[in-house]
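Structures given as structure tokens follow.
In the two complexes that follow, chain A is the common piece, with chain B as its partner first and chain C second.
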Partner chain A sequence: MLENILLGIQGACTVMNLLYMVAGLVIGIIFGALPGFSATMGVAVFVPFSYVMEPGAALLFLSGIYCGGVYGGSIPAVLIGIPGTSASVPTAFEGRALVRKGEGGHALGIVTFASAFGGFWSSVSLLFFSPLLALIALRVGPPETMMIAIFGLSVVCMLSEGNMLKGLFVGCITLVIASVGQDPVLGFPRFTFGQHELLGGFEVVSVLIGLFSIPEVFKMIKNLDDKDEVSKIANMRVDLKDFTGHIGNYIRSTIIGIIIGVIPAAGPDIAAFLSYNEARKVSKHKEEFGNGSIEGIIASEAANNGVTGGSLIPLLTLSIPGSAPAAIFLGAMIIHGLRPGPQLFTVHAETTYTLLIGFAIINVLLFFVGWIFCRFAGKILKIPKQILATLIMGLCTVGAFAISQNITDVIVMYIAGIFGYFLDKYDFPLSPIALGLLLGPMLEEAIMQTGTMFRNNYFMIFTRPIVDVFVFLILISFLWPVFIKRVKKRAEAEQ
Partner chain B sequence: MTKKLSGQKGFLLIMDVALLAFLSQVPSIPVESRTYPLIFIIASLILSVLIMFKGKEKDQQEFDHSSVLIIIFAAATFLYLMLMSRLGYVPSTLIYLYAAEFILHFNYKKPVFWLFPAILTAFMYFVFTYGLSVILPRGSWF
Partner chain C sequence: MRRFLILLMVFITALTPVMAGGSSESSDGAYPSKMLTMIVPNAAGGGADISTRLLCKYLEGELGQNIVVQNITGGSLTIGLTSLSEADPDGYTLGYFASTNSNDNKLFQGVVYNADSFTPIAMYASDPHIIVVGKDSGIESMDQLLEKLKANPGNVTFGIGGAWSSHDFLRQKFEDATGTEFLRMVFQTGTAAVTAVAGGNCDVGVPFVSEAVAQIEAGNIIPIAISSEERSPLFPDVPTLKECGIDVVHEMWRSINGPAGLPEDVIKTVSDAIGRASANSDYLAEAEASGMNVSYMPYEEFKDFYWTNHEEYSAMIDAMNSGN
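Here is the complex of A and B:
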């Protein structure tokens, strides 16, 4: 193995390959930062460009786009409160609040560091633990997927603390909205009201763009004359204390990201929410969450970038593309004559280890490229609000249209935006919408498949160890806050 | 004396009407496909009633000049959407971006006022059409 690693270092560290990695990162960050664009779209658009490259270089270039895309979404999330991708939604909750406090630079620094950290250790796990982690992917079936979705949805309760009824209402209504279109098993059209455009349901990305962008634009218009707004990102420095003080959070979030990445069908968005929720549960400063919490940003970023390496594990070892970018990766690998599976690590060891080592280098480079990018992106705060609001609307419109080249998606985006504005106005939390839309279809499909598997005897799911682990985690996530509250009350009473 | 309906209650009533519209479609869906959404429709309706009677209500903000601006801006945006399918992406976006700047009182004596919409529209058009092979709306009037 050591020999293969040295071969990989030799292959990845050529000047051309390093340039391809940087180019991929820059393209990926731009794709991630634009609302409506995603890492998947970036990788898909640039696959044809990789035909002319050497296999190793092509995979490194596409990996750069993938990692850059996941990271890039967090830059607008911090600066203007609009997540470039759904994986950056938790970052948007905290980032914008930190910008208002004049700590935008620090927030961007933490985003960049946490992303590079999560991504780097994810690539290390890809390098050393692929065969072991692939076993988890093999054991995940519909019952496990169902429990993951339920565990994810339990986050709604945590995110709505103090406003539980409204949070649950938004969560339930989103699950209804997520069921519009053909049902996942019979394919029967539901709630389409005769509109064939709704057969495929609502485009999640369009809804999320509208939901988080348009209320921000309206807020900008509302505060057009506000002279106290912060127009500088300030210092981006990340101290040693920012790392040592949150080391547990970094490690926990990265592990969550890697495991979610390994599981087929779960992506960086789910990892970010789960990790954000776990960070909130164990935090000593819960009150800071939603008001500019550095812990929240670390959790979200380390986890969503932790997914990148994890999602390639089932692809490289078992030939199972667990996510959309991984599926495009599979296509690119086949074009270059590489067929994923156990043989990949022996017959094509040079190219494979070039990719694995390169993946780690990409995440180190991500830190520097991201740092430079944030410096430029910070200038966005100097743009007059009238221009910024117009720019956001222009970008959102074209971004929503580009998803499936359909004007209906643009209309859906605007309606979601207005809906989001009123939800925000009447103090309803927005985060359950993102969770409901992402997890709703996954939950329904898993419930139906599990029912078929066990002939509707749902108790049979408890015979599966991973399900039991998730049941335990769900119980802990509900009971832990109650337990902590009691302990605190008792301590206060004793004092 | 009649009590004025609060904004939140009005919003919840609109949501309930939408949920009832969904509920009216349920009988036409096969049993296997309707159980899952039906559970959440009923849960949403129950929660909405609970919020109406128990939920905390945020203090109402005054309807001021900025609220008028938001309504005009939103109306301009809907007009833009309607125009896009008729005029096509480039002319409708140009008109919308100039109109948006004007509505938001951006100083039209500044060169940015005139340059920004033209540059943004042209940039988007070329990036999407030639870079990403996305065919932007062409318009039915041309």
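Here is the complex of A and C:
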């Protein structure tokens, strides 16, 4: 093991490989940061380029894009309130508010630090605990996936607090929208109205691009001469206090990220939402959430970058991709003759450990590359709103088309955007839509599979320990606020 | 800000050729005289994409022109195939095609192409399925599986990677040949089905060999048979279905097709080029490493095979539809 690690350090620390990592990070951050473009797309576009590289260099380059992409989405989320990828939606709630308070630099600093922290520890777990954590991927069967999806959907309640009826309404409608397309079991087309373009359902990514970008663009155009608008992010900074004061939050969020990463059905976006939700539950400053909470940013960022290393764990050991970019990563590995499995760590130890060590180095580099990038990116606040709005619309259009090079996705993006604008205008929360679209198909599939497993006797799920834990967690998360309220009321009554 | 804009411009310019496909050059002279576009209806990184890109890498050398692989995805693969069927039949737009696609109009409402909308050129790969069971299932051979099936008809779960997938058709053939009945358990991908088998959540899985190797080597699943005509060089100890007394051969083949009405000389040129590439030892080595099973069938044979296969699947779909 030690020998392999040394071999990996030697392999990863060549000048060329370090350059590839930085290049990958820069490309990834740009892909992540541009609204409409994502980490998945970045990895997909550059997979063909990697075919001509050495296997080790190719994998490091793609890892750089992957980590950079997951991080990059948070930069526009903070600066202009448009999440670059769906994994940055929770960051967008908090970041924009901090920029308005004149603490944009601080917010970006924390985003960068938390991302690097989550990513680094996730790569450490990839290096040392792969065989152990890979077991989670096997233990999580359909009933467990079903509970995770339900747990994830319960976050809708938190996101729509103070606006419960509208939030639940949006969430339910979204679940119906998520059912458009081929029925997963019988293959029968549902709600496609005879359009074969809709057989695969609405492309989630293009719906989310439209939903989160277009309303913001409209708002920008509406408030063209807003005098209160800040045009500076102030100095980038992270204080020691930002780390020591939230150490539990960092650790909890990273662990959530790694575990969600290992689980095949869920990716960085779901990790960010779940971790944000947990952070809010235990926070002493709940009122800050939604108005620029540092805790919220830490939770969402440490978790979404925590996914990166975690998602490679089942991929390398058992050939199970733990997230969408990891699936493309698998393709790149195969084309370089590196078939996942036990032999990866013996026959191909040199390349594999180069990747594992390199992954940790990438996350350290992420901090510095990200820091420099943010300083330039902060300047976009100076761009006149007219130009910025036009640029964003252009990027969204190209991005929606680039997902699968078909025009239906672009139309879907615009329709989602227009709906999003009106929903936002009439105070309907948009984030339950993201959760519904991401979790709906996962939930449906898991329910059907669980039904098949237990011959439709759903009570059998309680024989599975992990399910019981989740049921307990879900009950607590619903009953806890009620319980707290009771206790408080009684205390007040006694006084 | 200026730097950011420059970065943006560079980025967009860099991406343009990827998105826009080929530029046109002089069109006189023998085919091919300019860049070719290869449409892949599947997402980048999957089995279909990898095998096509690998083939194209060697096809470029044989044809002397660049080939741009374009992933047009969505709509359960029907969007990419629609673009292929609507392309100019000049030989400069070709595409990936697999065993079940000629019946898409029967499977999905609103599909405008049918078997006649394409020109079959040549088959280049054919992937057998490997029948696997979980290590804790107590089953170690096909006989034991059949025994269990007969004792519990309709009660043994069979994991497939999507409705109407190659996995699903193999199940149908298997049931018809043995007079047994499985309980279908549907996953989105073959990998997800194998994971469930490895975790003990599903009884039987039929992944492609490349999807199962890692789990077999890790000892989580046991291979009990393979659906090809001959044994796989990767697993020489695993018998074929025929050897187990089940008269089923089922492989998911992959071919290069063009839109309908492709000129004869174009077909010939491409088919021969695929043939020459398939004899290239570098290609074969890379294909083997990627888990792809090279199986070249030239145009003369493939055009008949295409139609026989079409009829076979068509009949199977009718039977499955009336059975449900």
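One rule holds for everything that comes next: the second predicted complex is superposed on the first by the 485 of 495 C-alpha atoms of A that agree within 3 Å, B and C clash if a C-alpha of one lies under 4 Å from a C-alpha of the other, contacts with A are read in each partner's own complex, and residues count from 1 in each chain.
Methods note: contacts are C-beta pairs under 8 Å (C-beta built on N, C-alpha and C of every residue); 3 or more make two chains touch, one makes a residue touch a chain.
All values reported here derive from a predicted model rather than from experimental measurement.
In the overlay built on the shared chain, the residue A:L240 is in contact with neither chain B nor chain C.
Of the two partner chains, neither chain B nor chain C is touched by A:L2. When the shared chain is aligned, chain B and chain C each come close enough to touch A:V45. Of the two partner chains, neither chain B nor chain C is touched by A:V15.
By the touch criterion stated above, A:A493 is placed in contact with neither chain B nor chain C.
Applying the stated contact rule after C-alpha superposition, one finds that A:F218 touches chain B and leaves chain C untouched. Set against each other, chain B and chain C touch different numbers of residues in chain A, with C touching more.
By the touch criterion defined above, A:V482 lies against neither chain B nor chain C after alignment on the C-alpha atoms of chain A. Contacts of A:M393 after superposition on the shared chain: chain B is touched, whereas chain C is not.
After overlaying the two complexes on the shared chain, residue contacts for A:G341 are found with chain C alone; chain B is out of touch.
With the contact threshold set out at the top, residues 45, 183, 185-186, 391, 398, 401-402, 405, 448 of chain A are in contact with chain B in one structure and with chain C in the other. Interface residues of chain B, counted against chain A in their complex, comprise 7-8, 11, 15, 19, 21-22, 25, 29-30, 32-34, 36-37, 40-41, 43-44, 47-48, 50-51, 54-58, 61, 66-67, 69-70, 73-74, 77-78, 80-81, 84-85, 89, 93, 96-97, 100-101, 104-106, 112, 116-117, 120-121, 124, 128, 132, 134-137. Against chain B, in their complex, chain A makes its touches with residues 45, 163, 165-166, 168-169, 172-173, 175-176, 179, 183, 185-186, 188, 190-191, 193, 217-218, 221-224, 384-387, 389-391, 393-395, 397-398, 401-402, 405, 407, 410-411, 414, 418, 422, 425-427, 444, 447-448. Residues 1, 3-4, 7-8, 11-12, 15, 18-19, 43-46, 49-50, 53-54, 57, 69-76, 78-79, 82-83, 107-112, 155, 157, 162-164, 183-188, 191-192, 195-196, 198-202, 210-211, 213-215, 217-218, 220, 286, 289-291, 324 of chain C are the ones touching chain A in the complex. Contacts from chain A toward chain C in the complex involve residues 30, 34, 43-45, 47-48, 51, 137-142, 181-187, 189, 192, 194-200, 203, 264, 317-321, 327-332, 334-335, 337, 339-343, 376-377, 379-380, 382-383, 391, 398, 401-406, 408-409, 445, 448-449, 452-453, 455.
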